[in-house]
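Dumping the structure here so I can ask a few things about it.
So that you can tell them apart, the chains are marked A, B, C and D in the order they are listed, and the count of residues begins at 1 in each.
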Amino acid sequence: MKLLVTENYETLSQITADIVLMRWAENRRVNLALTAGSSPKRAYEILAERLNQVFFDQSLAHFYNFDEITLKDQEYGLTMQALTEELFNPLGIVEENIEVLDAGNYQDYDRQIAEDGGLDLVLMGIGGDGHFCGNMPEFTSFDYGVYRVPIKPGDELYKLIDESSPHTPGEEMVTFGAQTVLAAKKLVLIANGEKKAEIIKQALEGPITEDVPASILRLHPNLTVILDQEAASKLK
Amino acid sequence: MKLLVTENYETLSQITADIVLMRWAENRRVNLALTAGSSPKRAYEILAERLNQVFFDQSLAHFYNFDEITLKDQEYGLTMQALTEELFNPLGIVEENIEVLDAGNYQDYDRQIAEDGGLDLVLMGIGGDGHFCGNMPEFTSFDYGVYRVPIKPGDELYKLIDESSPHTPGEEMVTFGAQTVLAAKKLVLIANGEKKAEIIKQALEGPITEDVPASILRLHPNLTVILDQEAASKLK
Amino acid sequence: MKLLVTENYETLSQITADIVLMRWAENRRVNLALTAGSSPKRAYEILAERLNQVFFDQSLAHFYNFDEITLKDQEYGLTMQALTEELFNPLGIVEENIEVLDAGNYQDYDRQIAEDGGLDLVLMGIGGDGHFCGNMPEFTSFDYGVYRVPIKPGDELYKLIDESSPHTPGEEMVTFGAQTVLAAKKLVLIANGEKKAEIIKQALEGPITEDVPASILRLHPNLTVILDQEAASKLK
Amino acid sequence: MKLLVTENYETLSQITADIVLMRWAENRRVNLALTAGSSPKRAYEILAERLNQVFFDQSLAHFYNFDEITLKDQEYGLTMQALTEELFNPLGIVEENIEVLDAGNYQDYDRQIAEDGGLDLVLMGIGGDGHFCGNMPEFTSFDYGVYRVPIKPGDELYKLIDESSPHTPGEEMVTFGAQTVLAAKKLVLIANGEKKAEIIKQALEGPITEDVPASILRLHPNLTVILDQEAASKLK
């Protein structure tokens, strides 16, 4: 594990942006699975600026959503909608470079990734409960590849989505499991802010356990963890 | 995970020998941790033959013992004695290319490996209880780097060594833990014979759990598992 | 450059076969460009035997012909016909895993390789004139990617083909140039027999020059050269 | 070859700084050969700022000077003096992480690099005459490893140093040759300003020839070229 602690969120975001940029600018097909959400928000803004300042052949990079929550009466699920708004549209990523994971294809997806040449980079945040991608403690098993979790009204996740999204949740979440993520060539985990300090401590220094799903990422030979000082404040 | 099932132990051994040979013959320093024991016995014989048939600069490869059980009144422990007899002497590996892990240096060993450039290859067998290196189910924790396990008369391990070795066990075992092993660039796990079929099934298809330590190896992005048909006979 | 000198052609062939086997058995798409011709003949026989002894998922490997000489009134050119006979048929490689380079697509081929994820392995022989792939000294330029060489009756190459093949040559050769080959992740060059000793000396120890095209291969950071003792007999 | 054209020198420098930073922050020994001179000046300033903002274990990175011109009555030569002033001192790189190439050890240096695990990154500029490291057109041969060029009063190089430095030139230059540089895992070439436009065009689009030494870098499978718009202005 490579650990970088940055002075602040801005520096964290600059470094993250450049890591993504350098993988994006490859001279052969690369497969990138980048997280939606708040942690990479500023990094994606910087990336959008960079794309006005740096010119390279963007056509060889393919983008994957690493999880998805289906939504009723919507073509795209929660993650694809967020990625489209936060990443794909602002950065001008065209449809033919976007590989969509959904409830219809998740069973073949590990195979599809292998046929595409494998994942080159997975950029992730960490949840307050230690989840990465869609691997919540309540249903994580480290031996899962891409898998499906049914969602019903009354479930924690159902309520969360129902409240935070204008759409009604569908019947499931699909997500890359630990097997899928750890098969990638490079992993980057980012976290910022005091509210992440406790779970970062557990994930990086506590036991490796399905109760703190992100703890498993430490075992990958090419993991970079980038934290701001607040998120790192409880580390030894 | 790359899975190769071979017709028999001889083919398994030929492939294993050539994997080691190709890493050994690098044009830059490489760091190899190769197991002692019965599984690689024939592979090492083939390697010894190969070294009479293939000429290359052998000086850049460094060899590491990945575990050690100290022995009373002996300079070298159980593993180093076995490796010397089974690997180092028959293959003519000279002392300056052998990096010895022991009870005196284990605390600095992860650091030492990092300063040496990291491990390029770890070749392992699997125990009937699912152990790899010295990670027995009774004291495995996936977050361990190189660590020490005290041994006392009466312990399972003490009795085992006492019976199988002409020497009296010392006070401890030291071993690469999961963190150390999974940080390597490439892992190879070999197993042969019907007696390994059940544990192979558990390790490769069961849950990833400290109760079957080798199950964690599946999460490495560059693991090759080589089995003969008997060891593979219970796989789906 | 990694140099392995083997006692004889049989050992050279065994090692070559296992290098190809290990790349073939990847758990993600891999792209292999393997030479036709006399040098790898025995290696491919051993590979065919291995495929009866070693079971793995063969579906993720794609095979490329790295040069082609078109033939009049023939669907496939000289190289594809040879590869089909020597490699694809004996090894049971199915059509959907074969990527055909020909006069119709050569202009887009560097792009196609990039979109396929790049070449993982190029296995080559060396000609008595120092050529690799179709890069003959008379028209090699190190800055070429995939390129076309027109052939007319009266040309050296025309005569050679006309004599050695039951077919009439077409109007061109197409071939991976140095740019295409050196962009691959790994290169393997094999040569056996006394008749190769002089050109091997020139290619490995002489100046790097377009007059000895294979001399450029030495600059690749991941080149393995495997020779039998006869081919190596003039090296320092 | 990966080509990135940046809007201006500032963006070029930011990206370059982050490329170096990410290699520097490895969790195993890495070997970095970074150029002195005007092109990376701003990148090193940014790096110095970054080191006040980003905290990581710096101890595993080793720094190499890739050429040296000896100076009369001086312990260090021209390059080491420049690197000390521009890179090592401002960035706080300690002596034990600096590997000095000089006239006394150049003959063993390729071997030393191999024993150190090989070069992970070489960051270079390009001279107006197409030179990279110390490979001037007048004495470049692509088959050279680390080599020595004698210098006498009256030589072009002697005059140049004599004029630009407070010190009197010594008797030689030593430099990584093409063999040494192209054996590295990753190469980065940077150039900025209109005055570099013509040589960049020759090096990237012209023939690969010892008359334009940097033209050979294009053949490396992992070369990144970063230019500002002015330096890129003559490219197709």
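Criterion: a contact is a pair of C-beta atoms (placed from the backbone, for glycine too) under 8 Å apart; a residue touches a chain by one contact, two chains touch by 3 or more.
From a predicted model like this one, the values you see are computed outputs, not experimental measurements.
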Where are there more C-beta contacts: A-C or B-C? B-C
Round to the nearest whole Å and give the separation of the Cα centres of chain A and chain C. 40
Any idea how many Å lie between the Cα centroids of chain B and chain C? 36
Set of chain A residues in contact with two or more other chains: 27, 183
What pattern do the touching chains form: line, ring, star, complete or other? complete
Would you pull the chain C residues touching chain B in the complex into a rising list? 1-8, 11, 14-15, 18-19, 21-22, 25-27, 50, 52-57, 224
Considering only the defined contacts, which chain C positions touch chain D in the complex? 141-143, 178-179, 182-185, 206-208, 215-216, 218-222
Touching residues of chain A toward chain C in the complex: what are they? 27-29, 60, 113-118, 183
